[in-house]
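Two complexes follow with chain A in common, the first pairing it with chain B and the second with chain C.
Right after this comes the complex of A and B.
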């Protein structure tokens, strides 16, 4: 297994290199640059002055030089400074990453807490009212986009309950209650969407497993319903579910962009979108690489989880 | 007229079934009329049920309380040399002062009152030819009691240094570049020598973007990106990007007893629905709303809120044409295009009947009443048949193909662009290929000025002064002449205007500039709805003034706001 993990990690290097080339190239293809964005709404800035500033920021160097400089920075884990705000990128990430991680983890917990019990319920009570409700919930979750759901939730919370999460951001450690209020609704919005696919997968795999011989044997032995479903059927049904959940992490990170904007949370999503809009090359590139690295790692972890779920699986 | 103390209860309606049906009925009639293309009122704007001016409170002000606003703007940097962005000046207007300012809501006689008041300067006067301006500063004005200035006194040399920096680089270079030299005969006197006469120089240094910053911060940090220190009513206590800016009352502010509120928090809230929700739940005390129907929707759920129609006297957006090359260098083509665009249709449909038709220079500089459609001149009337004839005379009887790029500043803009496209195709057989761009691409291309065809153009939003609106936006040599026109008559008139001290003569010259612009269709202004300001009924003296929104470039007026709870 160790060999497998090391091989996968080595394979991640070309993946990350390719990602770095793509993001670097795409950013340079986009018209405009950070200085143009900074001067926006302003006017009055001559081309000579812009050239001078570009020179100071190294934006006038050949692309391959810019790329190699940046790559070296990434290797040294020193992403440099934001062109736009002059803030060290590491500092910006230190502020943004915990927000997104908390949102993603909460969303995942809420999503799984909804999806798995409902999926099991739907499967064990197939074609009953509970199953129909579960399926409608799942289809709605798949169909309703985050931006719509988020806007609806915040608008109706304001109208009906005269309450919305406190705006701004309070850290979990400094003010846990305020933090929870700020994160619960956005995590629920994200989690609901996440739960839809997971629930459908749980339902179908549990249905499939419930028809297996060993489950019939368990019933025949006189085991209780809970024991059969949760001990014998569910664990075996979880492998495809884990694959789905792992695959949804990308969707989850994409979803945070919208949800963070609607709920005014200062996470990675907002940081990245703003950096793209303002052509803040180093910030976008660093963020994309961070996300790429995270996804590669998580996919590896998902693969490794299979062995725990199914002892028949061996890595070579 | 409603006052702050008697909030206009009569204004707080929702829309009932009968009203809805009536509106739908009228909309149907309107739509039918539009289709038929006849029998419409031109230039009509239905009277809004909301006042455009709410006089200041007559009650004695109360001290204390916290003011909060959910804001769309989140300034990336705090350096006023680098940007004119409204996001920065919603903060800078309260942290810093200028030499001169426009009246606050509790001093103004009305929305159009643009009488200059002293800010850091107590008095000012120009010499005979308006080339030398002398400003006498207030004594005892202190910088905020924070490092590195630690409450030291502001002196004339500070202002001199600041203006020199503005002239040296950045977005104010054009304005301050006209300064030939400065001297400080004593600690409290600044004498500014201009390269050419300008009777309106004090107006230029009253603009929200000309704030005075301390030398020490620039020298220590090398820029002003991270710290903002000033002499203003509020001290910047915290600025966490994408979260909040917290402004705390400056106890040493020179205007004793002010500001009234202890703290003003600006919450970074990029989503419009969230800002509205924040207002509804009381997390935000005041809120700008884009359209009439939005105001009514909000008042339905928050019936105690007070709404003010924002009286905007100018239009920020219009159709910009590459006038330095064919076919748009031919005035007949410009006139034909202008006549082929149905502006009233845009007002009626896109702006729910509440927009202004669009003109360049704020009308208060040359007349008292809002211009009628007729006053905009013959080329600004919707006359498709005449337009077609004129275009044929210009040699384009079969129309032509062109491009138009724009950035969607607000959702209605896309509809407007599409209506223009439709009108030009239908009336002149001009095929317009539209490209919607993101902000940075749009801005870069537009400001660079090398584009071809058409652009949905803008002029910067902060400007109040007549000089800014004329010489700086319209002179062919100005870097702020975004609409890319070079008209020798306009050049002569705008230069003459800044040499004219007499108010009456200024108005006459300004009218000539206005008429010349419209006759030559140099900037093709498009309808615009400035929107509304709504606030909770306990706020006093928050009303917006002409050209200045109290949540944006006009934020400095919040120094006079108080909370009646």
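Right after this comes the complex of A and C.
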């Protein structure tokens, strides 16, 4: 299994290199560069000063040199500085990553807490009222855009309960209560949307597994309903669910631009989008590579989980 | 005298012809109320989009400041926006944008994904390895970020949002088609066609493609819903359709959010329209799957 994991990680190298090329290329062909965006903010600056700044930032070098320099920075885990704020990117990430991770973990927990029990319930009581309710909830969760749901939730919380989330981001360690108030609504919105896909998958795989012989054997042995469903059926039904959940976690960790924008949370999504708008090359490139690396690792973890869920699966 | 009944040899199930597929779909639609509902919903959206000019009671761009932010009434069932434009007319015209973007983006993305998937799955080898790594690399970049970057390169407008969505769609489609081709290749008739010396293109078109169309259409239907969502998200971020063109996402982000407390109808109706459209395509995708997915056959 270790051999398999190492081989997979090695295979990830060309993929990450290609991703880095795509991002680097896209950023360079974008009209305008970081300095024009920067100058637009600070007013009149002469062409000569612009050239000087470009030189200092290494933006006047040929593209392949810029790419190699950046690649070397990535290998050393030293992403350098943001062009726009002049802040070290590592510092910006240290602020944004915890926000995104907290939001992702909360949303994931909320989503799974709704999805798995509802999926199982829907499957064990197929074609009953609770099944229909569950399925309607799931399909609507897939269809309601998160920016709409987020806007409605904020507005109606304000109109009906006279409650608005506390302003200004508070970290979990400094003021846990304020932080939780800020994160609960966005996590619930995201979690609801996530639970839809997970619930549908749980329902259909549990339905399939419940028809298997070994489940019938378990019933015949006189095992209790909960034992059969949760111990025998659910574990085996989970493989496709884990695939979906892994993908969702990846998407969440990439930053949920829109929910972060609506709820004013300074996470990875906002950082990346703002950096794209300001043509802040190093920030965009670093963020995308960080996310790509996380996704590749997550995919590997998902595959390794299969072996744990189903002992018949061996990796060599 | 004893009669001998000759049992026919088990033969591989022939690929369903198009008419067979439609018949299967029709059976499922008739039996499942949700399937029928989704078909009706999609039909309604298509009709709205085509006949937007006739159906909309007002010009979607005509501003009448004297009735700005008017509540929903008999004259303006969905109310008016901050410069007095009729929201109903804008939602009706928005259907055109959403459907247009969805259909074209998914069309381009599906066809490109299909071609890549067919090439990879049929020939395998080095070209497969290279193209698959490229697809992996595209998939490793978050979809919305990729779309945003592409739109920024091409300048934000509806057409470019479409191109960006199409590119985001390609890798997933290519992977699914590749998988389907790999399994279709195992069929004896493909081997037979190869042994008879059929040309590759003929084998691909006549023997493999029909096996791949069902998963493609199912995925495309679900992608249509997603494409509408992505277009709305891009417009929401100001990088999709540009004002004053009525796009559902743009209506939500520009006026909907700003006047949410004074005039909630500005956000509620476009959001409802997006949700219904996405719901329609999701449910229709489920219906197609029920009808065409061989693993589900017999379970209905």
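Criterion: the second predicted complex is superposed on the first by the 307 of 316 C-alpha atoms of A that agree within 3 Å, B and C clash if a C-alpha of one lies under 4 Å from a C-alpha of the other, contacts with A are read in each partner's own complex, and residues count from 1 in each chain.
Everything below uses one rule, namely that a contact is a pair of C-beta atoms (placed from the backbone, for glycine too) under 8 Å apart; a residue touches a chain by one contact, two chains touch by 3 or more.
Source: prediction; values computed, not measured.
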| item | value |
| --- | --- |
| Which superposed partner A:278 touches (first chain B, second chain C, both, neither) | first |
| First (chain B), second (chain C), both or neither touched by A:167 | first |
| First (chain B), second (chain C), both or neither touched by A:251 | second |
| Which of chain B and chain C A:159 touches, first, second, both or neither | both |
| Touched partner set for A:296, first chain B, second chain C, both or neither | second |
| Which superposed partner A:86 touches (first chain B, second chain C, both, neither) | first |
| Which superposed partner A:266 touches (first chain B, second chain C, both, neither) | first |
| First, second, both or neither for A:27, with chain B first and chain C second | second |
| Touched partner set for A:72, first chain B, second chain C, both or neither | neither |
| Contact residues of chain A, present in both the chain B and the chain C interface | 30-31, 151, 154-155, 158-159, 261-262, 277 |
| Chain B to chain A touching residues, read off their complex | 70, 76-77, 82-86, 169-175, 223, 225-226, 240-244, 267-271, 273-274, 276-278, 280-284, 301, 438-441, 443-445, 447-448, 460-461, 479-480, 482 |
| Parts of chain A lying in touch with chain C, wherever the complex brings them together | 14-19, 21-23, 26-27, 29-31, 139-140, 142-145, 147-148, 151-152, 154-155, 158-159, 251, 254-255, 257-258, 261-262, 269, 272-273, 276-277, 284, 288, 291-292, 295-296 |
| Touching residues on chain C, where the partner in the complex is chain A | 133-134, 136-145, 148-150, 152-153, 155, 225, 229, 232-233, 236-237, 249, 252-253, 256-257, 260-261, 264, 267-268, 271, 274-276, 278-279, 282-283, 286 |
| Chain A - residues contacting chain B, complex | 30-33, 36-47, 49, 84-86, 95, 151, 154-155, 157-159, 162-164, 166-169, 261-264, 266, 270-271, 274, 277-279 |
